[in-house]
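One structure coming up, written as structure tokens, with questions to follow.
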């Protein structure tokens, strides 16, 4: 059974009554709620020791989901490095929404923070499927409508996605590459845009299905090749 | 000087007075009008012998621009094959708008015709730049607004673009991958969406700039490597 | 259970005693032999009516494996079109070795036949894994050595692979992109190089594992989104 | 005229007589020697103040070439950040050979150091062109042979190249993705493998041509779009 760790900054939920009302147990528990049927799920938050991401936790994680926003800078560099190494060694990684601004996302992408447009104005969002062959869209309609969401607009400062799966349309006039896959080392990464803390997005069935599919896709190969690196002898037997 | 041939079906202009009013000399001459300052430009149309695309014309073409819509099926397979071979041998190719449904586009893409949504309802279109490093966006703003255009919507049945340069937003609620590059053999291809025949899109300065930039980008290498194919001897001198 | 159809030209096996000795039941049955434990397998060959690829057969196929060489031109265009449509509608497709020259491969790639180097001289081939995160390499070593094989050398006239999984080294001095994925419509495609008819390549365990993994990867989504195409009304409720 | 800055660690040249004999003025001056006809060239080295990469120098650089090996860790993080920001803002970047292990390469790629095979054993290297449409291969043969070089072998721990231009074959049995392009923000990146300090590789005409072509390709757009980021108002005039 795939082992999922859901990491959440968990700060808005403590300080903003509106967010607390929507996600009384925190965003991490809302996500755990719909994943625990299919996967072995644990959670971790910023204010735990080592942000809840000890070596032991990460070594027992197949796929790490990440939600952060306000406090990206409070994440210790040492933990960021630890997470990065686990991704390169095969752990799947699913940054959600404002995790585009997290240290770990930038370290893996080779980019810098804050490179997009945004607006909190109850835009309607429509996520159009552009890669219908991908396992992440299994069981979805060809468009997901979210009645109200924060807007994110291009140009989004990411490397060209290896696979572009969703493009969002916003009622205020913008578009966004909302579902993007990357590989780094043995690890698979899926960035998924929706999920501002002041909207009940993670209760929407199609959004849950995307995240569930993404966990399955991002789980590492059970028997990934052992790669030999460093100084090597010539192979013999050239005929 | 780069040699451009602009191919146009040139049928709407003969039969639809509204189109004739907008493009009295045909779409091909409207495009030639803004390209001829920078390039050596000729035009060709469907009803000429060999559709105006003789071996001699194609051998003297660095970049071929293609506009077709009503009469894709009237293009002879032999000419399609001739164009394909020239693209594989290095000629740049710029299919515009409804050329997504042309035989030559499908032959080069590996897809089939008609796979998109569309609507003629005076939608506003906004083309957002998503690849700001690309020479095709040089000198552009970060968004091109076209007041009224035909809508094209996803899922667009194309292979994943090698470079995605523009994404369109439409006021009616759809998105579209509007500027896409591909390579086939030695040839570079740029699909560009705008330009329905009932709107004066090709008179808009930013649209002209995109096409001008695309011609420069798609022009072949002057001294492309001579590739040796077929049955070969082993290379000697393995130490 | 994934339904696999293995298509083989099955001509060398009739006319060349050396090939018959290696593959007495034909290449298709050699491949069926190692796939049938995990999948529901049937075979089809060129000389059957409709080449064994009736509408019914294809509609009951999740993944089609293709081996052809001598007789690419004997495959009827109508069947090629039928196969292409099934791929675009979601059937996985795995062309092996000289299937790079088949009509169906070119129709899906947008290329033309014969664009590579080759040599029949008992080269040693080494397939190096370059994408260790991919499910197709699960359970493999980081290099597969085939003692003797036909050489294929670059430049291989394919579109840039969407994922490049293996690169081959040949003792005579060449390299080749030996494991390449593409998507076309809802269908996933994996080209895999090894398997010249005069060598017992399909009996090698690692080669069998690659093909087995590829079948799992190429199988279609069970519930792929229903895509709405054609003329559409504007979406309502733009706020 | 394109402004090129060539950065060199310049340590081997001081301490290893063999290297000094091959590159008496340092690798940076050998490269400057063949670039100065076509470009405005300056050089910078590790032991200069700020490693020779002041704000002023970088702001006057269109394309930065980077050669480093022994002393990657001696490059200050502050300068690495400065270089990264200039790349994201449009400066071209050409890391050569062992620059794959530099901090700046990893920061831009999202990877970590040392992930490849290597051997110093006078292997013969052959770089095969696999993307014949690319401006970087203009004027080249379809294969470049280097009589003796250090071997680099896969798996190379890089993100999948956006364009793969060269694949190397080594006489000892390995392959390597030797010419790879990426984009980050407005900046274009070309990694090029050859150039171990104990071989006279940078005197070879074809290698010089590759680097010259790469500088032209990596130079930024003269008038790159001004991208508006951050909090934005809705666009008006939705019809």
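Note that the chains take the letters A, B, C and D in the order they are written out, and that residue 1 is the start of every chain.
One rule holds in what follows: a residue touches a chain if its C-beta (ideal position, glycine included) is under 8 Å from a C-beta of that chain, and two chains touch if they have at least 3 such contacts.
These numbers come from a predicted model, not from an experiment.
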{"item": "Touching both subunit A and subunit C (chains)", "value": "B, D"}
{"item": "Centroid comparison with subunit A (C-alpha atoms), farthest chain", "value": "B"}
{"item": "Selected pair, greater C-beta contact count between A-D and C-D", "value": "A-D"}
{"item": "Intercentroid distance (Cα basis), subunit D paired with subunit A, Å", "value": "31"}
{"item": "Approximate Å spacing (C-alpha centroids) for the pair subunit C, subunit D", "value": "36"}
{"item": "Multi-partner residues of subunit C (each touching 2 or more other chains)", "value": "123, 126, 129, 131-132, 142, 153, 155, 160, 162-163, 171, 173-174, 183, 185, 227-228, 235, 238"}
{"item": "For the subunit C and subunit D complex, residues of the former touching the latter", "value": "126, 128-132, 142, 153-156, 160, 163-164, 167-170, 173-175, 177, 238"}
{"item": "Subunit D residues within the subunit A interface of the complex", "value": "84-85, 88, 107-112, 114-119, 121, 123, 153, 155, 157, 159-160, 162, 171-174, 182-185, 227-235, 238"}
{"item": "Residue numbers on subunit D that touch subunit B, as the complex places them", "value": "90, 122-124, 126, 129, 131-135, 137-142, 162-163, 171, 183, 185-188, 220-228, 235, 237-239"}
